[in-house]
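Dropping a structure here in structure tokens format, bear with me for questions.
Going by the order they are written in, the chains are A, B, C and D; count residues from 1 in each one.
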Amino acid sequence: MQLGIIGLGKMGGNMRTRLRAAGHDVVGYDTDPGLSDAADLADLVSRLAAPRAVWVMVPSGDPTRQTVAALGDLLSEGDVVVDGGNSRFSDDAEHAAMLAAHGVGYVDVGVSGGVWGAENGYALMVGGEDAHVERLMPIFDSLKPPGEYGFVHAGGVGAGHYAKMVHNGIEYGLMQAYAEGYELLAASEFVTDVPAVFKSWREGTVVRSWLLDLLDRALDEDPNLDRIAGYAPDSGEGRWTVEESIRLAVPTPAIAASLYARFASRQDDSPTMKAVAALRNQFGGHAVKNRETPA
Amino acid sequence: MQLGIIGLGKMGGNMRTRLRAAGHDVVGYDTDPGLSDAADLADLVSRLAAPRAVWVMVPSGDPTRQTVAALGDLLSEGDVVVDGGNSRFSDDAEHAAMLAAHGVGYVDVGVSGGVWGAENGYALMVGGEDAHVERLMPIFDSLKPPGEYGFVHAGGVGAGHYAKMVHNGIEYGLMQAYAEGYELLAASEFVTDVPAVFKSWREGTVVRSWLLDLLDRALDEDPNLDRIAGYAPDSGEGRWTVEESIRLAVPTPAIAASLYARFASRQDDSPTMKAVAALRNQFGGHAVKNRETPA
Amino acid sequence: MQLGIIGLGKMGGNMRTRLRAAGHDVVGYDTDPGLSDAADLADLVSRLAAPRAVWVMVPSGDPTRQTVAALGDLLSEGDVVVDGGNSRFSDDAEHAAMLAAHGVGYVDVGVSGGVWGAENGYALMVGGEDAHVERLMPIFDSLKPPGEYGFVHAGGVGAGHYAKMVHNGIEYGLMQAYAEGYELLAASEFVTDVPAVFKSWREGTVVRSWLLDLLDRALDEDPNLDRIAGYAPDSGEGRWTVEESIRLAVPTPAIAASLYARFASRQDDSPTMKAVAALRNQFGGHAVKNRETPA
Amino acid sequence: MQLGIIGLGKMGGNMRTRLRAAGHDVVGYDTDPGLSDAADLADLVSRLAAPRAVWVMVPSGDPTRQTVAALGDLLSEGDVVVDGGNSRFSDDAEHAAMLAAHGVGYVDVGVSGGVWGAENGYALMVGGEDAHVERLMPIFDSLKPPGEYGFVHAGGVGAGHYAKMVHNGIEYGLMQAYAEGYELLAASEFVTDVPAVFKSWREGTVVRSWLLDLLDRALDEDPNLDRIAGYAPDSGEGRWTVEESIRLAVPTPAIAASLYARFASRQDDSPTMKAVAALRNQFGGHAVKNRETPA
């Protein structure tokens, strides 16, 4: 079928390629003219036959909001917009309402698979009305992995990004669990070949997983992880997951611990621990470690 | 090759079956005469030709210790004992020394795979001297899964159980991460088909794993987990992992959170929260929830 | 000086009493006519001489927002409104802007002290412009405790509620720490008189505090806390503190743990632990504890 | 009364001074002849009249064990030994048995108060038999603070060190809670005078405590804690508290978080976060931060 894609970065560009390979008629737009098929959004819309479908794949927050707003003005009754970016689920209702005012449908899609998705297919978590989702199924079928899994219509508008957010929250916890185990093995005097232990776990164990395969791959490349600093950014979904745990009064201690470990990894010096050290010094006369270069 | 197995419960019995199917000559002993091939330990030893190999598969702690001690008296120089049970890694040096006094070798094996191991093969994490491990390779090869993974000689005596302990510590963290995500999805108003979301994650996502497959299976059987109480025992390795995190000064917040969540799941009423409620009442005049049946 | 107070519940009523005892001219309004001095807000405003000062002491969220909006319409240039309730700090800028449109000033005050404040004085954390705060100092001086502490002008609009929010976040952590220690002592076989240990800590120890005094008091009344269920509500500030930790990327694991412990205390059965139990059952064949009354 | 003290460091030396000021006849021994009253342990024992009381104030572990063993040989039936050091509670039964073989009694005392105890008195948590504790009451009365609190006979042998261990575990949680609040306030744009907020909390608030007073003192000396590195050692009791939480299956998430924060504060680079960063790189192509000086 015909699809417009807005945003042809690593994800959007690979999706265009994958969809074209499946025989779809894809018109892409990007602010980089070297990547773009269309001159601007209006041009992209004009190249699509009604009822149109446009997939937005731009950074979450303002860029997505502005793109959706612009599409509302350009599209017509019966068209549908897909937000396949990393929007916070709470943006979706607003996007849907903005478009509904123009008679345009809205579907939110959480996409997983990272750089491997281009080859293996992208797992898709979809939120929106049945009629809108059904119209897009040819696209979803071509993007998703070939097997029986990798696609879910999770609920109404927002459900796709919500499911993706929780997916990423879980991912934080899984990564932290493997990483804590890695540090324990590396610290212990018992296990002498830590990478070999991780490699062996790839089959027959309870902890086997795709992330484990990737950790094995990383250890093949750098057995002591000497070249990598213990510094981990976070990209929004982990924070939103913990915010949701608060809103819903659901205890998520392992996921929160994983998020906090990332926060701490980005601190040169912890103000919390400065205060703890100051207290120890006050009551116990314990020596403190002075900062080498006082601020 | 020839092997004695002591302990023919769910694990030991399945191993005997799997080894015999692979052509090994296995003599089993169990306190249950209906399962046992030998009348007692002395009889089992007498049925094996030197140099003998005996696999101990009995509960950790005293039962394993007593079995190893008894084997020390019965076996001869050049024989080797395998502890394939769930011993704490710190028991292994003692077991090895006990046997070394008789010239008998000792190998510790952490076994993963649960009830699925009988069919799929058991992942094996092995600790001990090279010569002892090499002698046992035909047995290990028949127990392990068919692929290139699932076996590691992780280090000297104790390394096998150590690696298995960390494996299980990671497993606690993984399970907790999926389970926290499950609770969030179930609590949220956005996702209307929680089991479908988990099922979809089995392909193409970052969180795909064997545990995820099992959770999907559990949700197929009981979509709201209505039949299962939120009550989880723990079996030793999780505790030992956290103890090791303390000994080695390695922060393992996600694994510790997972262990504590299990502890909390087994409490009818939390003394900690009774004290918190008492404090709130004292300073804020907040009403407390009275116990329905005062103890 | 003259002050209007809106909201004469436990806190507002006690404040009126304390202020009148200090010689201030206080006009109170409450929806309960039996408590109120004025017929309605307009009547309250009409009884105050310009420039007026009105202290709002109503529930946070909509009630406070509506009261502030109504005062904006009733008050005049040069008047000032105090929000002494438990508003989220992020509401303050909005309240201030709403009033500034009428030339009315705004000061936010976080109030601590609980039911004991009536007698001991209320600790006040204040945010707002210097001129507004200065005008209110006679009121603050009469509300605060008699000593040299208990009052701070913490910064501009919002700083008062922000400081109070962090105060309460810390309070959650302190309570949890004492409560965890209580549970350990109660669980251990070593200490035979747990309340006596807490009582002894009131002097000479590092952990002495007002909360410890209150816990001792609670244990005097109910030595095993038999009459109190392990069930603790939370009142907003703890959640906001953890939300701020996410916004600011500040790891606050102890405070988050305290909040989650309260969430968990209010669950009859934990969906997280149901999922963990389901997983254990799937891979290990571990028996699950069935719910006695399947939902 | 007459007392021997072994170990005249910061704690033991101050205790000798305080006891002498109270009129007791104290004979001290230290390996530093400049501090010591006696030539050796035998000399110390010979200077005391039976029934003797000897207070051991040396580092925990081997030094205490060896001192207790030596005293067992030197003392006589009816004498009593006090271990006032920071021994793990689990050492006490062994010490008591060692001495009981000689008819010598044993009392364990957890001592709190830090460097301030010399002046304010030391809080004492005592374990042992009634008869032994009663004999030592004149000493305890002179060491403890002057008020009605600060002393508890918590139970049999081990109860004193157990209570002190939990005291310190709570202390870890309290310090972490204040410190997390400090970091939040320092990170936020709302509060402009963080030290003033802490100072104000000393009166009228729920969080007032001795530790808060000390934090205020530290902020007076160094308002941004610029001179102190975020590096906090731990001294045993925190670890033992978490170990006990595992043994007793008591969830202590806030105390464990406090301990882990200290562990993390001492790491230059976190292996856990290296593994997390490696995983992010593998699945997402996320750039990693390279170590500046690869190991």
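In the analysis below, a contact is a pair of C-beta atoms (placed from the backbone, for glycine too) under 8 Å apart; a residue touches a chain by one contact, two chains touch by 3 or more.
In UniProt terms, the chains line up like this: A, B, C, D = 6-phosphogluconate dehydrogenase.
Bear in mind that the values here come from a model prediction, so they are computed numbers and not experimental data.
S.K.: Among all chains, whose Cα centre is located farthest from the one for chain A?
M.R.: D
S.K.: With contacts counted as defined, which of the two, B-D or B-C, has more C-beta pairs across the interface?
M.R.: Taking the two pairs in turn, the one with more contacts turns out to be B-C.
S.K.: Taking each chain's centre as its mean C-alpha position, how far apart are chain B and chain C in Å?
M.R.: Distance between chain centres, rounded to whole Å: 46 Å.
S.K.: So the centre of each chain is just the mean of its C-alpha atoms; given that, what is the distance between chain C and chain D in Å?
M.R.: 33
S.K.: So what's the Cα centroid distance for chain B and chain D, whole Å?
M.R.: Between these chains, centre-to-centre, one finds 37 Å.
S.K.: Give me the residue numbers in chain D that touch at least two other chains, ranges are fine.
M.R.: If we look for residues of chain D contacting two or more partner chains, we find 114, 176, 178, 180, 183, 187, 206, 210-211, 245, 250-253, 257, 260-261, 264, 270, 272, 283.
S.K.: Touch graph of the chains shown: is it line, ring, star, complete or other?
M.R.: Graph shape here is complete: every pair of chains touches.
S.K.: Which stretch or stretches of chain B touch chain D in the complex?
M.R.: By the definition above, chain B touches chain D via 206, 239, 242-243, 245-246, 249-253, 256-257, 259-261, 263-264, 266, 270-272, 283.
S.K.: Any idea which chain C residues touch chain B in the complex?
M.R.: 10, 114-116, 175-176, 178-180, 182-183, 186-187, 210-211, 214-215, 217-219, 222, 224-233, 253, 261-262, 264-265, 267, 269-286, 288-291, 294-295
S.K.: Residues of chain B touching chain A in their complex?
M.R.: Of all residues in chain B, those touching chain A are 89, 112-114, 117, 120-125, 127, 144-145, 147-156, 158-159, 162-163, 166-174, 176-178, 180-181, 183-185, 187-188, 190-193, 196-197, 199-212, 241, 244-245, 248, 250-255, 257-258, 260-261.
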